[in-house]
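You will see chain A twice below: alongside chain B first, and alongside chain C after that.
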Partner chain A sequence: MLKISNLTYQFTSHILPLFPHLNFTLHKGEIYALLGVNGVGKTTLLKILSGLLKPSQGKVFWHDQNIYQSKKILRQYRSQIGFCLQDPEHLFFKQTVADELKYHHVGNVAKIIKQFKLEHLLNYSPFELSGGQKKILQLAIMLLKKPEILIGDEITAGLDTKGQSLIAKNLQKYKKDHIVLLVNHDLNQVIQMCDKFLFLSSEKFQVMTLTDILNYPTIFQKFGLIPPDTIKIGQELIARDILLPDTIYSNSEKIAQIIATLINQKKAK
Partner chain B sequence: MANPLLEVKQLQYSSEELIDLNLTVKKKEIIHQVSFTINHHEFVGLVGPNGSGKTTLSKLLTKIIEPSNGHILLDGVDYVDFRPSWKLHQEVSLVFQQVSSQFIGTDFITDLTLSLKNFGWSIAKIENRIKQLTKQLHLKSLIKRPFRELSGGQQQLLAIAEAIAVKPKLLVLDEPTAQLDSENTFLVDQLLAKIFKEESTSILLISHKPIELSLTQKLLTLNQGTLTGNYSTNEFLLDSNLLKENQLIIPATLAIRDYVYKLTKVQLPLVDLSINSLIKAIETVLC
Partner chain C sequence: MNFLAKLDGRTKLISIVVITLFMFTFKNYWQYLLITGIFILIFFGQLHLNQRKQIIKHWKLILILPSLNLIVNSLFINGKVIWSWWRLHITHLDLAIFWRLILLLLFALTFSTITNPSEMALAIGKLINSLTLGYYQGSGIVLVVIIMAAFIREFSETWQTVIQAAKLRTIPSKSFKRWSDLIARIWLLQPLILISLKKADRVADALIAHGYHQDAKLFDYRKQKYHLNDWIIYGSLVLFIIINNLILGKL
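On to the complex of A and B.
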């Protein structure tokens, strides 16, 4: 359990803190999405939570221990974090994908290779992989050391559908015993993949479940975000009295089923 | 009929990797016999799964790397016969996925001045062009601010503005919005639409995003280094099977159309991928 208490960050050159004082707790078994417009401080918050940046105010507790209490505790805490960077190249330095994986030999390399379908890439240099393949390799390396908290900054950006579902599938498995926190710009993907949503702006902070969001779809606009397509379609159809306002439309299938029922009713008449 | 702007003939590219100190080299063919054309003032999209060779192809087209075999012709002139050879970089301009690798200067004005000076432009001509560009593309609020203070999307707008500053005949964009959120993606896509409307340049857009690809007129598909198809954009984007084959996300509007068809055998008449089009189609069918 990672508990964040009264936390904020202020750049020395700025008059105001980046975001309001934050209080929330992250549990294993959930994939969390951190949402907010560019420049709101998502990356800064990720750095604080991974022990790379000391907050200006407030505390981060890992199993009831303040991670910034001493250098030793901080070092221990950091060793339990897996941080996937937006640009995976910063992680690589070996000649081949196989060497890169073996270097982090703490885990079960053969299993990870199979899990991430890396068999055909083993003899390539990590640097000659495509952008998407690099992202997959980075996650594979991170999961080898089984971090207690996995943090991902845009780990599916630029991936094709196969790559995206490969990553989603692995994260679903991994979350069972670990905390997973993601920053992801593609909100259509986010609402399919994540369980809890942390909305952040310079004035507000709100934690929501998918049901909360579907009951209160204007939350996206409130935080300056463009809502995912299914939510927009649901809103439009409710506004035209085609869908009922108090029902939950979480994905394309559900919307389609109701439209199909209406079409069939019309056919029957 | 006039010549096409760009002609790519039987293009082939192999990467070479040094294996050991005996200078043993491992060769791997990445692009196989690729041929296509781009016409004057045409907006073309390029799609393909990860690792299919899209970025390599964009580097070949902008002469950052040279082909192992085959030819690229711009307005009938072979890339290898271009004199002076740097002139090519003025005619064909590239925007990268990682914006940060694009800039050398600290802000837009410094950076663009530096790059235009390299092309031999006078200071007066450069100042004029900057004035014109910022007015045309509404960038006034961004041009004096240091890049590091700007969002990824704002930086990408400036990178595109720099790329068209030299008035290229062909603008190549390699997944310009892959790292951006939807708000910034929207800004970049709006800018591209405006540029294509107002300038005579042709554009080649590499992208995984169906909505963004709807800006284009035709689409090329690349798979494992081979060109596998050439489609009209509308035909391609409304065909879920083609999207799936090319590893593209099915937009929610298409997914809903397909489910409804599966359940009722009634086809919602979509004209494009927009939400408006879906709502209209649903209203038409239900009324």
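On to the complex of A and C.
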């Protein structure tokens, strides 16, 4: 359990803190999405939660221990974090993809290579890969660390649909015994992939489930975001009493299935 | 917006240069006291808390550099000795240099805090353009300063991220020998160099895309009128020089 208590961050050159005092808890078995407009401090918050940046105020507790209590505790905490950076090139230290995967790994390299279909890339330099391949390699590297908390900053940005679904599939598998926290600007994808949503702005912070979002039509606008199509359709159908308000409608396919079932039931009557 | 923030970049630059040069003409302690008093007024009255913190952050530099200079100077006798111990001799000139250095560092830090690199570059370019009566455009200087300032920041940000990534990828429980630790550090240069080269390449492409080449006149300086505050500063500087040199300097 990762508990955040009264946390905020202020850049020395800024007059006001980046975001309000945050209080929330992240649990294993769930994928969390951190949502907010550009410049609201999402990456800064990810850096704080990964133990790379000390907050100006507040504490981060991992299993009830303050991660900034001592350098030793901080180092141990960092070893349990897998952080996929916005630009993966910053963490490529080796000459080939194969060497990258073997560098400080804990998990099974052969299994990961197969899982992420990296066989044909092993002898390439990581810098020679395409943007999408770099993102996939980065996730593979981080999963080889077997982190307790996996953090991804725009992990699927620039990926084709095949790559996106490969990452989504692996994250769904990984979340079972771990915490996964993602920043992603593709809200349709976020709705499909994540279980809980952390809305962040410079003044407000709110944690919601998908059901909460469906029953709160203006939540995206409140945080300066445009609601994804799935949510718009779901909310409209709930408002017209076609769909039930307490059910989760995370993608258009699911909605279509439910509507088809309803039509069939009506026809049968 | 406060008085200082409204000032033109040129005014800030000229003021710092004039005061710096002017300090070399000081003969009495009260002149330093006066300048220090003005600085204190600006520090507390015109800078906001975070700007003050940014300057104070460099307290080691502000104290150590002039102190080292004072120690070295005290090995030599530069005028009338006011305090002596072993081979060290402090003179009035040593104290004046010590004080002047502290003030110079404080002015430089204040200037860099209240002026961003682009503003400073444009101020230099515009001044050169005006001094040469528009003959020399000064755009090269502006571009070089902006690119240099941007690159220093980019370079340090890239390095920070690479170090952070290394911290996350290294498993602390594994014990390393110093030699392998050093080798591991050297490998961190790989992303730093390759990312920096890519960024430089992007800047070059952007400049060509914007039509920058030899003899290109990219900079069409907008006419920027001085604000009333700028004239107040220039007037004060002139007044200060006249009072100091003609009346009080003779005391």
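Heads up, the rule we're going with is that the second predicted complex is superposed on the first by the 233 of 269 C-alpha atoms of A that agree within 3 Å, B and C clash if a C-alpha of one lies under 4 Å from a C-alpha of the other, contacts with A are read in each partner's own complex, and residues count from 1 in each chain.
As a convention for this text, contacts are C-beta pairs under 8 Å (C-beta built on N, C-alpha and C of every residue); 3 or more make two chains touch, one makes a residue touch a chain.
Remember, it's a predicted structure, so these values are computed and weren't measured experimentally.
Contacts of A:129 after superposition on the shared chain: chain B is touched, whereas chain C is not.
Legend: residue contacts after superposition of the two complexes on their common chain; A:14 is shown touching chain C, with no touch to chain B.
Using the contact criterion defined above for the overlaid structures, shared-chain residue A:214 touches neither chain B nor chain C, since it reaches no partner.
Looking at the shared chain after the overlay, A:229 reaches chain B, while chain C stays out of its contact range. Touch criterion met: A:186 reaches chain B, while chain C stays clear of it. Once chain A of one complex is fitted onto chain A of the other, the partner contacts of A:194 are absent, as it touches neither chain B nor chain C.
In the superposition on chain A, contact is made by A:50 with chain C only, not with chain B.
Judged by the touch definition given at the top, the superposed model places A:90 against chain C, while chain B stays out of reach. More residues of chain A lie in contact with B than with the other chain of the pair chain B and chain C. The interface of chain A with chain B overlaps its interface with chain C at residues 87. The touching residues of chain A, when paired with chain C in their complex, are 12-15, 47, 50, 52, 75-76, 78-79, 81-83, 85, 87, 89-94, 103-104, 106, 127, 141, 145. Interface of chain A with chain B (complex): residues 37-39, 86-87, 125, 128-133, 154, 157-164, 185-188, 224-226, 228-230, 232-233, 236-237, 240, 242, 252-253, 255-257, 259-260, 262-264, 266-267.
Chain contact summary for the complex, chain B toward chain A: residues 15, 17, 49-52, 55, 97-98, 151-153, 175, 178-186, 208, 244, 247-249, 251-253, 255-256, 258-260, 263-264, 266, 268, 275, 278-279, 282-283, 285-286. Residues 48-50, 53-54, 57, 158, 161-162, 164-174, 184, 187-188, 190-191, 194-195 of chain C are the ones touching chain A in the complex.
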